[in-house]
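A, B, C, D, E and F are the chain letters, set down in written order, and residue numbers restart from 1 in every chain.
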């Protein structure tokens, strides 16, 4: 007298229940949190912004689709890579370069490592570092924000593999102005983003809001952005105190890609440490490097390199900050 | 020669442990180019491979110089192998190699000063290329001069060809030219990345991935066929 | 920046011996499977680099003044024999140290970084103090690169790496990424 | 042709204490001596060509930065003062030198000096020609650089950049994005701002360093 | 940390409402009882009946084989029909005694002497408990008498009673405390007497206020027994977590609780001891929560040990059309059953039937190193790294990463967004290591 | 200048020869002479690709038997052979053994009683209700053994059983250790008699679980030389001490084919599929 049961019982391992969050849910939530940032970029740079971001994303998705292990586009991580890469590019970058960057980031930043979760370096930043090294002039040519929504910036449609024709109106980023011409920028302009720079540099407040949303949902670890921002603020404040010609903390916080990097890139789960102590170390390391490169380095901006460098240290940090196993070490009863 | 399974012979006549099995000269040469290619298979001499392959001319020059040293030192080591005392053999080999490197350096400086300047310290650094000492110890010291020369030539060719391949890719993409001749025309946007250090690593990486891909594809096919 | 500081930072980070200058790559690829091995090799290298800096300086100032074209030969012979003797001495007198460090000594003779150091310090006319700082920077830079590579390789050991990248392909991609990460230091010390 | 397989030395099989000391000494000493002889012979053969090339390069550089002088004198910096004669023992390459150029009429055109400082990537070595009396630049040439190909190496290949310096007054000031105004502004290269600024900095430092030395030399009347 | 909790842990949906209000009911005897000789940790019992024998309810069918072993008793009167391999709930086959229940037997145990605990020495209590076949009812089924006799040289200062019942769905301990507080406290009294312990703490999660109230009401005035409400968090009931919550002490890695002077006993186990000294009956039935959305009529039942799952589920009106997985124990640590012929054991705390959509059939993604598992693991391991090692079968590296400290609580796998079956991998690792250590079979 | 050069290099050479000679006297430490021999057989590239710090370290470990010559990735096959030959003094004396599987219950004959979902490894499945297979002793077919075999000697057949290629198998024992069900045993390659079942259930009950199980009927015991086979707790067991008396009569009356007379690989009639074609 067997009770009516499905044809065959299922046997799975315990635990037989699981929490609500799944990897694709996390990823698509991050994509959602990026939408306002993209909208802000479009507000400042018009349709060019959307074209650059879309092309970078297309490069990432097509590569994932072509050489990934089947069905991995749906998990949303390649989408994030593409969007973040796009957001870190200037509005007038020729689209063929944006596409190449996306493909490179996914191909060499993720798929050769074995796909989602296996990579050590942030794929979006690998793509961007490649573009910066390959086409340093194009990627440091910053169109001025504003103009009509439909007016195209730069030479977006340069034929693949050819130079873009030079754009008449370009501007310098606040950090470039500071480093090369010793000029500061008004804080208001920084906060509201109507300065030259990459697409995602210009909307600090929107980025911060997205970050807070994700942190509350526990999709990103608040320690990393907090650690980075605090370190940058403190360190640059100290330097500013010692040498007032150096920029102050607020300028450092709101200029360049720091917000985007701290909130969306350094927090990449895959390429940041797994322990909380490790996350603090990682964040402080990024903060210090950002300031060091901005102030003493040759390049005006250092967020990308700081994150990549600390990515390389992550396996090391993970090893060094292994949790203390229950019942060992100091707090154990005699 | 057959290697017999016995304890180290003392007094038993001439047994060169580890001596390479007999092979034709052609095989000695071919091995270095293919199955035991120093760059793509053995990963030896990585420093010059990375450092000088930013232009094809440099790559070829380094390859040829290395080939010269391989052949010359192989010949010398083989000729004098009976007279070199065991304890100082490494030092002696290095001395021989260094001599040939210096000769190559001097000759290059006199004939192609521009390339010589571009190669800079990587020319004398050939001495430290593990490939040379490795071949001297493992091959030249155990065979006759003809075979030593053949092996040196094969290894040198393998090295030169690999360097030429890598440097051609790097120069083509990084400068749009080959041997300084414009290939893609003036509109081409060069990928500066390729001639910089990460580009060097990546180019070799891509070459290895390609090689592995071909090998894997072949293996798959062979498996499918039976 | 003062000259000594620049030499140090430059060799450690900006022009890292391994990742930017391409010296000592054979052990960078060959001996970085385990982090323990890697950093020990790095330390052993640093030690030999220091000895080499002194040795090369002595040769340059006292012996090779008239015959600079003999440098390569003289340097390498001194390095090779010196390493051989150090190896024997350590093996005899400090067998434990030998187990841990000495076994890497043969690898060091054929390490370009050692000869490269001697050649670079000569071509840049470094004095003794500068040479020593140069050697320390180079040695630590080497150790840093080796350890980073090893820690990343230990991680990818458990990753699901595609078949074609498994042997060396991925290792070179890692080297490329590391080298890109070090590009952030470029220009350090030359800023306005 | 048959390839015979050689059965090698017993020395390879029985290692350790076997070899007598004199053979060790002989091996290395002989090998060293032979190598020395070989290298010297080739050195002697190649020396003229190498020397000639080096001299040619140096001459070309001086000629370029001083705008084709008729002849020039070489001054050596020894113990913080200039002399006409080099100390005997030292390696000539190591001593800082100033090349004083004259036109056909014997009028001093200017002085060429070399200087090296960090650029974007590595040391940047320049030869700089200037008039020590006014500090006016005559020209400069990049002797050695390891800047990024396609970017930083424009300081060497971008002729418009090089031409700006002619006639400008040191100390120079680099400006961005607009034409530099005489007498002392030069425009930096887009994408190679750092390298351009390094050139400017090296020139400024070199002129500042050598002008007093040359003035002292002039005053000493050795001229 | 507060005294009533521990660090890390997870909050799975409780689902206890299905049965927490249902009073305990008795299940009638089934037609057949199957008694595996291996129901407890330690040596399996030694068979002492033959095919064809008649047994009365409470008669032993297997005897204790050594110190860490207990007898197995018939839970119903009937005839031994077969002795052979039978599906065991752990998935293997086990030597079992099959008894055809005598439908007309009065099912009263043979008259026996109820031991009078007051006068008994420790040894006598221990022997009585062993003879009654009492094992831990908290799940591990460790012979309880072993814990009553701490090894020489260690003194036990606190007896902790585990009433946490942190597993979702399960309410058997809850109902026991709420309905039989006197029996629980009597069991505690016997244990404290036998072990010469003066202090006892009963830890109960705060989500069982009626149980706490019932126990408090029945507290005797002559004993130092405290009822301690605990934070509601999984795995609050795990021995080491409970000890930390109650005493603040971390039991050293690799050591037993006795090493810090504490013995932990499940509420059901003390109730069973109480029953031994009240009625003289050995452990032949236990309280089982039968629950889950896949079951038609959830219940808390007194079930004869050896009842087949098939009969138990049928008694609860069977399962729903979508039911797919039957779990013995709670959903966090329980074992899925492949064969419903497997019987209820002494250590079976509950039976949970899940519907198909509730099971973990979702896609498994690679580890994204989010670190959630590290924040969940109550013993502070690095499950992410352990999982990486397990995937490539590097068991020795896992051992180096303290695999031995993992108690397979499943918190890591519960939170893993990539749905990686971490706990399963760790169990496989433990088994592989044990195999390697034992030498190959 | 020529003289100077000769003097300098000759002098440097001489000086270091003296040092080395002295060092050789003073610092010499005894070592197994075979280490030098093996070291000289290695490529001496000191590349470190083997994971050991240099060729000499490799030689040391090879002499101590801690690495196999073939682990030197740079060396040629011939060199590996030569070293193996040089060190393997007693190689060739032992009888070659191969791994044999004591289960024939492929998915076609042995039914699953539940649907196992989860990690596709035998080790993991074995921990979950025995993997859902009806027979609690049988092969789970999730190929842990195939993955662990470094010599690619194991391929999974399409009914989910590992087939060992007796030519490739080196009797390394890795599969024996990997199998959570303990189904592999290493037997001399010329032992023909094998019981391919470990199910302890006897009689017809076992046939519900697997059609090729041993029913412990005892016919093989009767047909074989005395002592060679016995039935112990529900399954026939061969005492290989009596293997010389084995002949193929023993397998002829087996009602299920659980006992087999092997020549070459097991399950020879089952075509082995390649990795890529398996579902």
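For this structure, a couple of remarks:
Criterion: a residue touches a chain if its C-beta (ideal position, glycine included) is under 8 Å from a C-beta of that chain, and two chains touch if they have at least 3 such contacts.
All values derive from a computational prediction rather than experimental measurement.
In terms of the stated touch criterion, the partners common to subunit C and subunit E are A, F, listed by label.
Graph distance from subunit A to subunit D, where chains that touch are one step apart, equals 1. When each chain is reduced to the average of its Cα atoms, E sits farthest from subunit C. A separation of 21 Å divides the Cα centre of subunit B from that of subunit C. Centroid to centroid, with C-alpha atoms defining each point, subunit B and subunit D lie 32 Å apart. Averaging Cα coordinates per chain places subunit C and subunit D 27 Å apart. Each chain gets a centre from the mean of its Cα atoms; for subunit A and subunit B, those two points are 42 Å apart. Residue positions 8, 17, 43-44, 87-88, 91, 95, 98-99, 102, 106, 130, 133, 192, 196, 198-199, 202, 209 of subunit B each touch two or more of the other chains. Along subunit A, residues 9-13, 108, 112, 114-115, 118, 130, 133, 136, 180, 298 each make contact with two or more other chains. Contacts with at least two other chains are made by residues 12-15, 24, 27-28, 31-32, 35-36, 39-40, 43, 120, 148, 151, 194, 197 of subunit D. Chain pairs that touch, as defined above: A-B, A-C, A-D, A-E, A-F, B-C, B-D, B-F, C-D, C-E, C-F, D-F, E-F.
Subunit F contributes residues 1, 4-5, 8-9, 12-13, 16, 19-20, 23-24, 26-29, 46-49, 51, 53-57 to its touches with subunit C in the complex. Put simply, subunit B touches subunit C in their complex at residues 43-47, 49-51, 90-91, 94-95, 97-99, 101-102, 105-106, 121, 124-125, 127-130, 133, 196-202, 204-205, 208-209, 212-213, 216. The touching residues of subunit E, when paired with subunit F in their complex, are 84-85, 87, 90-93, 335-339, 359-361, 364, 393, 421, 424-425, 427-429, 431-432, 435-436, 440-441.
Of all the residues in subunit A, the ones that touch subunit F in their complex are 8-13.
If you check the complex, the residues on subunit C that touch subunit B are 19-26, 28-30, 69-73, 76-77, 80-81, 84, 109-112, 114-116, 119-120, 123, 163-173, 175-177, 179-180, 183.
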